[in-house]
């Protein structure tokens, strides 16, 4: 498997090309099958390579030069080390399941081939991002996934709202990407200036060796390492929807649900976390940057959770929950617990993918209805979806022994105990954990339990999803339950597989003390599960039966509720303070800048002056011969005067 | 030294033209005023011009190439110095005058027929005017210069007023005459003062006298040269003295306008250069600064005025004023170099080349204006030329070539001429003149291209109709080829002008 | 012997009067007379200066100028007569058909 | 035969379209089909000939290749000197590559006066190639101005409503700049003639040591001429008018090649000739370039007219090129060159697409469109790919160019330019995608849009080659970068004392003297009558380049001198 690394990204690419070109001629189902198989084989190769990496260490596959100009040498090189192995496994694994799910979900859609072409193209880009050996190639994948998310969000482009959601996603990502490029350039030029012309290389291994250089040289007051780390983090914020640049993710729900599952839950949004873990040597060398990452992560988690609790659209709830869980991952990475960040990333891919696919199946059944207030009592008609949905909800809430419990517990512990963390972060994390449990079970309860609030006609069409959709649900449910095994804490006598597996990737790990005694660990786990159970219980108690009571509470705190349900008016603020002034300024530039100043005063001004001059000189021509004679005489006088004066007479 | 046969041989072109002129008058007296009667007279005049051309070529073989020292002829016994001189410089300019006269005759044939101006005298006067020009170019004595100036001017006053019944032609002749007479009177007085200061009217003597440092009568010489400069500036229609030009050019019959703006301007500059390079040989007379000022005013004034014109002839009049400005730049360079280290080969060859190129392109432009026109009616407004771009493709292309050349856009002779002129200006350090020159030529691009715009980009149903006259077409073809050939390969002709210029000084 | 300065002064005054005459007078014929005056001022200057230089070149020039004046007068009056026949006036102000 | 072609390839490239134009002129204007097919054939042949240049191009050397040098106007020391090197190779290719596509796109677009339209394009191609390969100032200036005429006619005759205003504005804007350049050339010519034999040949004028003060003035004149052409920020207002009014083919060539003349001029003339002045003005010009990037992007964000929007985007893209050039780094320069090519392809393709829309709906306003993707899927796919190429998506040509420029710009000591240029990437995505959304996506509300038919085979054949090159430059830029690497490296490293010479032509006789072989004594000017008479005199100087009258007129003073 060592030399077949390049096949992992190439297979989905070939699949995408097939769907886009040849697939158009063949019946619909062929494109679907080819796409699924492509990702399937890629998954097989990925798992094989991952196993090879587990046995023999990292694999590198060089495929020639991309740009070679003077100091800048960027090769098309792929490398799989433990971190990439995990990510590849997640991307291809979950990706494959979602592709299978999509076969059913998109069966009746006109753009079937186009959908699968984009999905495969996305997988290709994500794999390039994950396997890239140098930063620019990572950036290629980075923008590639941004493009695919643009194409897939705006998949049903007839609806202008959906199309503009896609555009919004791409532009916000682009803001992050611009900062990312700046970070890359800073790293590159610091090396070149330090080591002479030949020294600039953006390979991760080279960057790793030169990390001391980044910590010493300073630029504008801070060390280069900090500035670069922060710039790359802004890029990560753009891609992983963290606080300042998260606005595109809720709108991204305009895309088909499997897309939301794959891109906006499992893979793309985690790219930011992967990048920071990949550049862990840079971050560990820049404590200030790590603090920023941690605090932004924690505050995003809480902020998103606060909004999620009042959302009525099932996909919006899951979207904000994703943002919140990503906040957790950034919190983990921010305090130095890189492996627990990746562990949570993996488990999150399982249960969030499950939840999204479940939501998809619900929407599919409810013939497009997404408002949970109009659902209810679906447990009767959609048994499998209901069970798997509740398993997912329990996992994310942190129900003991499920995957979410272990990964979130590890992060909260690290947040508290890590030298880079602190009790404040723990409080934020804890609060978010409670809120997560609450809004997840609120959503599940409203959707599945109690009496059905759907209209008669919708209720009539209720039906369980076809097996091609239910099967992935079951598989993901199993993974959500079993996923915790990957990172069992020491207390339960298991070696933390994920921690050890990622050991070689982390260059200078932050020392996070383990709980001294098993008792302390058990105590800690008990406290965490207590918080989760409280949240769940309160939600289950409140929602299916005491809906009126919930409405009354909402009524009493009207302003707070309105604030949260309207997403703290962030979109409106952006529109007011960014988009409109920009548009106004451009209009001013165009109409006044070009119109009046350059064209008006400049061009037409000079033209007017020339015409004026022309009229002035022709006005001398009165047609009267004696006036011409006077003009001549005056000219002669001037010449005479000049001669005499200059000739030294006067 | 009495008048020797060599004197007659040196001045043979002038004599041939005068001879043919009088012959024409006699022949005209005999033939009537019928429609086809002008042909023999025109033929004869062309033949006369060709004969003079042959004489010029033979003389060039002898004198022009610098092999043999230039000859000074008709030196009166007791008098001042030689009257005229035959050297490379004169012969180059003679070629220019013959070219202008020849093209004018070609153009005027069809024109006179159509406008009922069947006067045999027209061709005679053209020949006499050309003879006057040749005399001007070769004048070695201020008085001879004055007289040759008058010979040419008198012929032109009559030519302007040829259409007796047309008020405009009459008025143009009158204006030209009054201002002309006024300036020749100023010239006479100027010559008198210069004679008073230096004791002789012969240019070499003046040059020697003026360059002696202990020069007592400096003030008289200054006033005299100021008056001479004024009179000559009138002749080349430099801005402060250009009052007469637009009206004279617009009023006169079109072939005469063509002849005036090309031949007359060339003769005026030939004489101006020769006089200036001798009168201002010494540094005491601040000619460079004065000419610099006049050049600046002419370039700017000429171009600005042309922008607002609506009549094609009047626009071409102002454009010829503007071109006088560019030529003055060459003259400033020549005088500046003459005053610093006495050499005369900077500037003068560029002036000669520019005049050849200018003659070709202006003649071409006027030929096209003449080409369009019907019985007793001419199309002179700029708007008339709308839409002919695709209706008469060949003429439109020719007219565009002439306009581009006048504007100085590269593939044409106009560009090479301007390049040479500004090259000599920059050589003598007058970069500011060159900058003003190029900027004003951008203004000229506007009003020249306005015609191209009208021809190609304005759509009209009823376009103007031409009357086909083979002679005018020939004139257009000759000048068109000349403009393009000089545009791409100016080298050889410029070399001729340079050889001519070397023999200018004495 | 009349000193040179007086002669030159007189010719300058004559030249001035001639010039002003051309610029001021309305009647075309009067303008021609003023031009003749200026030419004769030139002659006077020539003769004045000829006295101090040997040779009779200057005197020959004076004759040339007289002939020149005559020729100019002839042609000038021909034009004025043609003008008069067309317009019926010899007033310089009315001759402004072409302007601008 | 191969050796003859090698020695005269560039003259063939220049004259072939002119000969073609004469042939096309003979065809009667009614026979549309023959006219179009003939012109297409000619331009394709031209492209094949230019491929010969690429194939025989020697990557190893920075010297001028396929050089030809003949005496043209010996009196002034003006030579007919053409040559190609890494900088101009790809621009010539861009010209010959795009012209056939433009002809192909005009199959149904142009009804009236098709023959004149095609003639204009052939002459335009010839003059553009001439300007790109000319290595003598007068020759360059001749082609530089001659290039304006066909474009002036194209805009003026076949343009939109305000075509005359736009054409005249285009002409005068460029003329003002170039005439000042002419005076600067003259000044340079005499500064050179003080020491050496007078010559306007660039190869002789390189490496001159000019006092800094004079250098500033000269650089100012050159910079003005080329800045107008680029167009840089304050001097750009002619571009939107020219683009909006020009016919589709005209605006494609105007955007793809004519704008590159400005940046090529900076690279070939302004910077190498006046290195100290270039360095002195670099911050100012970088600031203008960066303002241009942001200003162009912002203004195109609010444009109602498609073509005007793409025109302003050109201002933004070319801001990158200028930033790349004035970063004086290898990456910056290569990035600038790549951006020239990438912009030429993407903006050219964008204009072709807008042209196709215009052919169908005869309107350029964005709000008249909407939901085109449902009606014209093929068009939508191609249009989106081209737009992505234009905003610099990795894997397409735009990214490689912009990335290299940003790398170069970041290397400068003042990094604020690179940061602001970085934001240009965001603005680029904003205005392009908002345009794509308003045109392609959303419901096809307008009934006229519902009946539009998708791209014909011909139209796809027009866009497909460009797409191939956009992808090729994105994925494998090496093929383009390697060929220009040597010249750009030479241009960057020896900037203070930049010299060029002919690559020694390995003729059959193995004689490697570049000067003699390339500078054959073939003299265009026919010998005038008196010519031999003069040579008898004291010729003195070496015959190879008999001097014109060097300014102080010494040397062959015939006849007796002045007193």
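Miscellaneous remarks
Each chain gets a letter, A, B, C and D, in the order it is written, and its residues are counted from 1.
Throughout what follows, a residue touches a chain if its C-beta (ideal position, glycine included) is under 8 Å from a C-beta of that chain, and two chains touch if they have at least 3 such contacts.
Here the structure is a predicted model, which is why all the values come from computation and not from measurement.
With B-C and A-C as the two chain pairs, more C-beta contacts join B-C.
Centre-to-centre spacing of subunit C and subunit D amounts to 64 Å, using the average Cα coordinate of each chain.
Subunit B and subunit C have CA centres that are 26 Å apart.
Here the CA centre of subunit A is 97 Å from the CA centre of subunit C.
As a whole-number value, the distance joining the C-alpha centres of subunit A and subunit D reads 41 Å.
Residues of subunit D in contact with two or more other chains: none. Annotation for subunit A: residues touching 2 or more other chains are 618, 621, 623, 625, 629.
Multi-chain contact residues, meaning those touching two or more other chains, occur in subunit C at positions 19, 22, 31, 92, 95, 97-100.
A list of each chain pair in contact follows: A-B, A-C, A-D, B-C, B-D. Against subunit D, in their complex, subunit B makes its touches with residues 57, 60-61, 64-67, 69-70, 207-208, 337, 341-346, 349, 389-390, 404, 409-411, 415-416, 419-420, 422-423, 426-428, 431, 434-435, 438-439, 441-442, 445-446, 449-450, 453, 456-458, 489-496, 498-499, 502-503, 505-506. Against subunit C, the residues of subunit A that register as touching in their complex are 618-619, 621-626, 629-630, 633.
Against subunit A, the residues of subunit D that register as touching in their complex are 169, 173, 234, 236-237, 240, 295, 298-299, 301-303, 329-331, 334-335, 371, 373-374, 388, 393-395, 399-400, 403-404, 406-407, 410-411, 418-419, 422-423, 425-426, 429-430, 433-434, 436-437, 440-443, 475-478, 481, 485, 489.
Against subunit B, the residues of subunit C that register as touching in their complex are 8, 11, 15, 18-19, 22, 28, 31-32, 35, 38-39, 41-43, 45-46, 48-49, 52-53, 55-58, 60-61, 64-65, 68, 71-72, 75-76, 78-80, 82-83, 86-87, 92, 95, 97-100. On the side of subunit B, the complex with subunit C involves touching residues 76, 78-80, 143, 146-147, 150, 154, 157-158, 161, 164-165, 167-168, 170-175, 177-178, 181-182, 184-186, 188-189, 191-193, 195-196, 199-201, 246-247, 250-251, 308, 314.
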